[in-house]
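What follows is a pair of complexes built around subunit A, which joins subunit B in one and subunit C in the other.
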Partner chain A sequence: MNDTRTVFDGITRDNTVLSALMVISPVIVCGNTLKNAVAMIYAFSAITFFSVMISSFVPKRLPYAVKITIYAVISSLIYIPVRLLAQEFYPDSISRIGIYYPLLAVNSLIVFQTEAKFFRMKKLRMTASLFFYIAGFDIVMLITGIVREFLAYGTINSRMTDFDTLISGLAEPFGGFIFLGLFCGIYRRIRSAVMQSRDIRSDGNVSDK
Partner chain B sequence: MLKGSRKERFIWLDIMLTLMTLELIAYFYYGVRALVLGGVCLVFCTAGDIISVRLMHRRFTADDLTCTSDALILALMLPAVMDLRIAAIAGLFAVIIAKNVFGGRSNMIFSPAAAAYVFISTSWEKQLLSYPEPHVKTGIFDTPEDLVYSASHFFNISGKMSHNDFEILLGNFSGPCGAVSILLLVVAAVILLLRRDISGGAFTGVISGTVLFAFLTPAAYSRYDSVRYTLVCNMVLFASVYIVADKRIAPERFFYAFFYGFFVGIFSYVIVLTTAEENAIIPVSLLFTPVALGLRNLERKIEFAYAEDTDKDSGSDAEQPDEADEKAAEYAPVSEEVLTEVHADGDTFIQEESDPDE
Partner chain C sequence: MFLINDLIMFLAADLVLMQALGTSTLFIAAGSKKNLVGTAVVITVFTTAGSAAAYIIDSLLPEKYSVLTLLFYTVTVGILYLILLSALYFISRDKFERSRKYVHVSAFNCAVMGTLFTVSGKAAQNSSMMNVGRYALAGFEAGLGFVLAALILTAAYRRLSSAKVPASFRGSPAMLIYIGIISMAVYSLR
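This part shows the complex of A and B:
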């Protein structure tokens, strides 16, 4: 299998939620309506992007534990203005999301993936890669919010549809687990099919480059 | 393996026969709607199973038809007038999510029907617990009218039942369409027990646990009524035959299976007594499946330990060392084969072993 890692991996091949199973609790618990999903997307994107970008200036020679602590402090500081703005934009969603909102400040993309992945890249590539990793989470959150809201409440963005066989259990956390599990299964199935077809094509390539 | 598959098919056939008899009685009480409900569950369970088995790159064989028994069990736990769309969703949930996602027929963790029932109860509880009166027949596409609570609901709240013994035996009271025909369920239980199609230990355990606690802490005004009504209400008899005593889930040995069933019986009774939760035995049996799995693993470990001890004993007799080595070499491939089979397919091991109930 040829290793062709790209900056788009965060969306397709190495999706934050579906592949690495990171930051799944906000998706499961809060991704039950589109409004909640959008509020989470805003907070996750803003906190993660600015935290990782600012953290990238922390000297690399510091001990690992110290660096992680500094990253957490930076993201906590960024959380404050993000939260204040969120109270203006999404006042209803904030109260519904509850504890999962502040928990975004210490999500695994900031705490673990920074050292393991992002800070090993060059700045420009890191920025692009980070953007697509965040977009990967956002897309999953958006799809989960839309589908679960539609199936559980029969609405899309609080607008009524004529869908009347409502599966209200899907709005609950256990429904989120089931939905995300199926979503992961479908994603991995498609990904393996795509990888397989790529391998077949690359094996069939007999050119001398 | 061939012998094991044949045995599995015979079990499925026996269970299907008893379920179809219950379905027939449901038709007698509730009309063609009950049959259509069963048919919808059957079609969607089979279709879901075929699709998911194909997605797992496996062939759909005759052994996979066991999904039809799960479909009928599910249908018989529902009110006869249940929305057919909900029944279809529940059927798909049972085979795809509760069964095949966890490894399918060879690796059953939950009873698919019980998992689907709990799934319905989280989303459509009102529809699930509203029943038609017996002999009130609803058309296939008609909207049901004059729905009532089940007799179990009134018993859980008041400790009384307004039906005589004859009506109770014949299932002439409101409740899930297949779980109220008490006489038929008793006959089915006896037949399935005699033919070793269900786990005798688990069945006896549930009944013993329920009877014991119904007697010690009566839910009705007299202990006799408490025992009698507790057994016929809340799908206790139905679940103890088709869900708790399911051989695919219950532990093999009588002793372990008994205690598994015993605790299911006790916990479900306590929940009914303290919260008046209807049909509590279904979620409780689902919650106890890890216990059953743990006990099954324990059984296997004991079997292996016992087999290893036997090998050592036979090897350390007053034989010459060379002879012992030869014997060990002779037996080693056999034990490796057994190990491989167990890891590849848990059922195989169970089927090849002698029946522990004997």
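This part shows the complex of A and C:
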């Protein structure tokens, strides 16, 4: 069987949130407005990218548990400047997001996927793949923030719209669970339809030969 | 009646149902009885011991350096992680082999780190919580909350993963919706 993995898998086939179910707590709880979503995207992208890149220099010979602890400590150190900058750029969102901001620093993409996935790749491919895994989270967070804010508050980026059939529960964590469950199901349906059509096309190519 | 009120209060404080902390680990725990016991025990050990250690950090770290809290919590959980693995290794190699995956999954987990921050936040609002016993108790309760949420999910796990559920929603999407409905019920009872 051919290995059809690409660097884009983090967005399409193996989405960080919708497929791997990683980093779902911030999406469920904080992804209820666009402003929160943007603040989370900034923090997640900066912390994850720099943490994984720096962690890639940690000696591979160390025991697994020691390496995991070092990765978590590195991301906690990266969190400090990211947090200080966020206080300048997103002061309102920081207080609303609360404990979910520091929790981004110990996300599964940094702590576990580094060993299981990224550090098995060559540096250039790892950087590209990491970029798309981060983008996978960012896209889901952005869509979730826009849709939930629109349906729950009738606003987009705090600007009023004409939409007046509001589902206020979507702004709550239980609404986040249900929304993410539906989002995951739709994503899987689309993904399987795309993969089926690809298979049919590749079968057709083979029979043509 | 008191028991029901206590149960509702306990559910309303549940970190998984109300704050979505440790949801992906919950799916692992609910997969089998063995996973449930292993993950629940290890997470409860981490939340209890971690919360006790968080008390020391909170009492010693000056307010103006609060941005360093995460770093100290991470170092603390890292030390607990290494101690627990070493203890298992020296107690019995067999136990180490069987249990280490639960330790790996539980250590740097939103449920554990989230508990430390939640307990610390509660103590900041209520000074009567500012002692090591109350911190450890709150951590232990958070661990029990995880067990309760895992039991609720275990009850429906097989059905939500069965062939009767449409393929796109089978497994984790259906479980997320199920937890959402339970969470909505608890939210309405608060």
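Simple rule for what comes next: the second predicted complex is superposed on the first by the 203 of 209 C-alpha atoms of A that agree within 3 Å, B and C clash if a C-alpha of one lies under 4 Å from a C-alpha of the other, contacts with A are read in each partner's own complex, and residues count from 1 in each chain.
We adopt the following convention: a contact is a pair of C-beta atoms (placed from the backbone, for glycine too) under 8 Å apart; a residue touches a chain by one contact, two chains touch by 3 or more.
A quick note: this is a predicted structure, and the numbers were derived from the prediction, not measured.
After overlaying the two complexes on the shared chain, residue contacts for A:I24 are found with subunit C alone; subunit B is out of touch.
Of the two partner chains placed by superposition, subunit B and subunit C are both touched by A:G169. By the touch criterion defined above, A:T127 reaches neither subunit B nor subunit C. By the touch criterion stated above, A:T6 is placed in contact with neither subunit B nor subunit C. More subunit A residues lie in contact with C than with the other chain of the pair subunit B and subunit C. Of the two partner chains placed around the shared chain by superposition, neither subunit B nor subunit C is touched by A:S56. When the shared chain is aligned, no partner comes close enough to touch A:T155: not subunit B, not subunit C. Within the superposed three-chain model, A:Y79 lies in touch with subunit C and out of touch with subunit B [touch as defined at top].
Taken together, the two complexes place residues 169, 172, 174-175, 178, 181-182, 185, 189 of subunit A in contact with subunit B and also with subunit C.
Across the complex, subunit A meets subunit B through its residues 165-170, 172, 174-175, 178, 181-182, 185, 189. Residues of subunit C that touch subunit A in their complex: 18-24, 27, 67-71, 73-75, 77-78, 81-82, 85, 104, 107-110, 113-114, 117-118, 121, 166-169, 172-181, 183-184, 187.
Those residues of subunit B that touch subunit A in the complex are listed here as 55, 83, 85-86, 89, 97, 101, 119, 122-124.
For subunit A in complex with subunit C, the residues that touch the partner chain are 21-22, 24-25, 28-29, 64-66, 68-69, 72-73, 75-77, 79-80, 83-84, 98-99, 102-103, 105-106, 108, 111, 169, 172-178, 180-182, 184-186, 188-189, 192.
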